[in-house]
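In what follows, structures are represented as structure tokens.
The two complexes that follow have subunit A in common; it is paired with subunit B in the first and with subunit C in the second.
The block that comes next holds the complex of A and B.
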């Protein structure tokens, strides 16, 4: 019961957080002296055209007014129009967000599937060669920047071995495409994206498992004569998963943020590459809308993490 | 006998020597430290040791595989990769250093002020810090760089801005706990001004988490700068840069895969070594670890003192 109270309290705070976040984005984007309209239309346009366009994007209003107009529209579900693409920002998000979300989900799934067994195995074989190997790989995975790993993976698996295509995510599926044709472009990007998370969560799972295995209830279970695998899975793993699950929720929000380089390399039409295009074109409404959307997602992921923590561990009360 | 007559030094000296003893005893940290110093010296000495001019174009030498003339090969414009890695490191390490300095200099005072003043000041400052933490850092940095215009200076500014809240938060939480310590109350009763208390008592005791955080931010800044330069928003051609050069390597994966090698290894080794240095410092600055070391040393010197006694 109390966890639901806690969750609702966090959700009530959400608008406040978003208000501050929107104010931050807005002020950051307006400290620049450049006039996007002038940049867009070029130098030899009539002042009337510039003025008309400025009025259309409310750039002729004082800054506080511009902010109020933007937030007011955003609350009603209108994030404005792209200056470049002449389509609503919301439309761009609708197109791009599911792709980024899908990639992040694939990476997170891969992370959990690899990190949890690896962490448990490492904990059970503590201070053996296998443990050192897994720890070494984890540290390497955390330290290598994802775009560097992506380039190495492309070189090995696409260029040399020719196993996986480099691009293809987000292209329209045709009738008759095999499952492999549809899903194989996801493999390399998700591995590149997941490597650091796998390293991180393996480390967490290992230390959490070591901690749990030293508890009294594990000794009790042993004394009762329960089979070893039952103790490890039911008593050990179930409890050791608690911190790992909550951390993975936070990391999921984080993945959306760091996959910009991956989207760039693999030409994935997600949020990151949309932001990059908008930034290069100085398309302010799109930059504002996309960063705000990511902030919403990031904050939600954190709330989910906190709530999971309360739900999974009945000892914790807020 | 000399070990027994060894006079216990002053407390601060002893803490420092214990910490450095702990750090030097950590093999990974020590090796990493040596690696990092080597990289830094090599990059700083680039004008002296680089075999070629990093921006000199020589089309007749383009895309040459590693060999005696060019240890790491040449790129599409015939520029020597090794020289570019060395010069690129100057930019990467300088950016990371300035990001650390700037975010520490801004974040630490904010954290001190928030933690010590408490109440409304604390609330206002921390809500602003929280606002920055509602964004994924890399994405926010890309947005800021995008607005300010692509350049290495703006990358630095954006990365520093994004890391300020991290320092503010850590220092604030240390300050909150240290503020209640008896020695701080005593100093207050004795009439010390609050600036003096902040600097001599609070900051001095918060130094361990700050130092560890500095290594984390330093490593993070190397990766972020490389990422942003890789995206084309950081260092601009033809100036050498690890991230930017990897972007160019990307286009010749089939014909010249060796272009990947230099910048990737440079990034990986710097990040790894800084991470291990951070781990070593974390252990070295943890007084609980000194206890065991102190006990071990005491036991060692006692044994040394006892052995000659028995033989006599």
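The block that comes next holds the complex of A and C.
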């Protein structure tokens, strides 16, 4: 089964990517100025107390040693403790990752549901008004920063129209809550998050479909007298989706990493807002842990993309 | 003679574009009778493929097809909409394309591609269609057909893929088969096999064939009648024998001289000087005139007349070509 050979080769790359990622994260964090212990304890603390805390977080060790300690612990599943919140970093991830994942999934779902039909429609109606309209909206979606869009959405749909709540993701569901109460807080943030991805994927789907529709095998399918929708769905989409699926798997990995501003605006207790807090407070174990987690997720999303690629394109297997 | 299977009168295919419309086919008229093999010969850009695509209704949306008459098996093709054309395509008239490497869908198994047509067009059940597909692959000479049904196009060689294309084309027993340079992309030995296969299949079923080629030599051996096309227009049309015995158009003559012959050693091939004209705003006069070795003063002044030379032999040419230069 050479498809498994292909995939295992991709899996072998995983530790290598994580090594490079961890080294980068660690280096960037430790060359930025600002002593976390000083910030935490204030300027008026006794040198002994500072030294004790520095020792507790291995800050008295040389940098390579600190890195090895961190990586060594991480491999055993221990990402250290938050300096500020005095709880394990892993615990923070456990609490917050599902929320960020849920938001990313909502945004991704929205992206696929909108971008694939819009891209196909655009390709089929090439150089008509509808095509130009979809193209314009796509480019708008890519160009508008997500925090600006978020504020506009809040103003229009929450403040003015009162259709959707602004906050509420992550608050504990109570018995008797309707589905609307649980899921409606996801709507505005996922739209704000998805807009750029929808724009990108629509453009991508459009060009992929246009490319496929100009191929000889589509002419063959027409010469066979197959129905038009069958040619587009079976012969066109099966080919056009190959690059699109790959891109969207990567987009999904990316969505976890770009939530910071959105989580901040909508007061979502996810990884992004935790990361923001930790950066402000120089809570380096949390920053390291969360960033590493994001990197792991991104790499996994890439592996999923490769897997889907193998499944969709029979030519890869041989 | 009885009503022809296909009757084309005044076919014109235009491809609109940048500086002006390209007239890919201009005022083309010909018939194909039941069981007849018609060869269409001409160099690249002479409108051979466009003629085929126009008949199949595959030019849209890129181009516009008009004709005074275009009748196929009792159907008036000029009046049919896309839905009606679709019902004829693949069922009553089928087409084999030039490049077997790109004309099959790479992500669908060849079994799927055969079966989908049988199911959509003949309404066969899944099981019937599969059995039929195996039988078809056997007929086109693919061994172990049952096993190969689930293979993908990239697992086949070029010749084998073209056999699959042929199996698809004949699967609904069409009345007309259009082979558009069906062997051009293949190795020479494979070319002969594929040509033989198509000829055998059409003999068995009595299909008419429109055999498009740029190779006058191959067409000579295969076809009952030959249309020579130049710049989207018919130059000469004749029975194969008559054409080779005494071609009546300067272009046909030029083509014949450019074919290497095994019985004349160290013969110098005569290339036709110059290049085919642009198909935008072509004058009404003979488009071959600037390159023609037999050009007369009338050629550049007035449109070439349609001249009859005996039964079923016509040429659009002013010049009287000497006989001795033909094939003896």
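Definition applied: the second predicted complex is superposed on the first by the 314 of 318 C-alpha atoms of A that agree within 3 Å, B and C clash if a C-alpha of one lies under 4 Å from a C-alpha of the other, contacts with A are read in each partner's own complex, and residues count from 1 in each chain.
As a convention for this text, contacts are C-beta pairs under 8 Å (C-beta built on N, C-alpha and C of every residue); 3 or more make two chains touch, one makes a residue touch a chain.
Since the model is a prediction, treat every value here as computed from it, not as a measurement.
Asks: Where does A:24 make contact in the superposed view: on subunit B (first), on subunit C (second), on both, or on neither?
Replies: It touches subunit B, and subunit C stays clear.
Asks: Looking at the overlay, does A:151 come into contact with subunit B only (first), subunit C only (second), both, or neither?
Replies: In the superposition, A:151 touches subunit B alone.
Asks: I'd like to know which partner A:159 touches here: subunit B for first, subunit C for second, both or neither.
Replies: After superposing on A, A:159 lies in contact with subunit B but is clear of subunit C.
Asks: Look at the residues of subunit A and decide whether subunit B or subunit C touches more of them.
Replies: B
Asks: Give one of first, second, both or neither to describe whether A:253 is in contact with subunit B, with subunit C, with both, or with none.
Replies: After superposing on A, A:253 lies in contact with subunit B but is clear of subunit C.
Asks: Please work out whether A:222 is in contact with subunit B alone, subunit C alone, both, or neither, and reply first, second, both or neither.
Replies: Once the two structures are laid over each other on A, A:222 reaches subunit C alone.
Asks: Examine A:300 and indicate which partner it touches, taking first as subunit B and second as subunit C; both and neither are also allowed.
Replies: Touch status of A:300: no partner.
Asks: State whether A:143 touches subunit B only (first), subunit C only (second), both chains, or neither.
Replies: first
Asks: Is there a shared patch on subunit A that both subunit B and subunit C touch, and which residues make it up?
Replies: On subunit A, the subunit B and subunit C contacts do not overlap at all.
Asks: Where on subunit C does subunit A make contact in their complex?
Replies: Touch list, subunit C to subunit A: 56, 58, 86-91, 94-95, 97, 99, 102-109, 116-117, 120-121, 152, 154-155, 165, 168.
Asks: Applying the document's contact rule, which stretches of subunit A touch subunit B when the two form their complex?
Replies: Going through subunit A, the ones touching subunit B are 17-18, 20-21, 23-25, 28-29, 31-32, 34, 139-140, 142-145, 147-148, 151-152, 154-155, 159, 253-254, 256-258, 260-261, 264-265, 272, 275-276, 278-280, 282, 284, 287, 291, 294-295, 298-299.
Asks: Under the stated contact criterion, what part of subunit A meets subunit C in this complex?
Replies: 215-217, 219-228, 230, 234-235, 238-239, 242, 312-315, 318
Asks: Mind listing the subunit B positions that touch subunit A in their complex?
Replies: Per the stated touch rule, the residues are 127-128, 130-132, 134-140, 142-149, 219, 223, 226-227, 230-233, 246, 249-250, 253-254, 257, 260, 264, 267-268, 271-272, 275.
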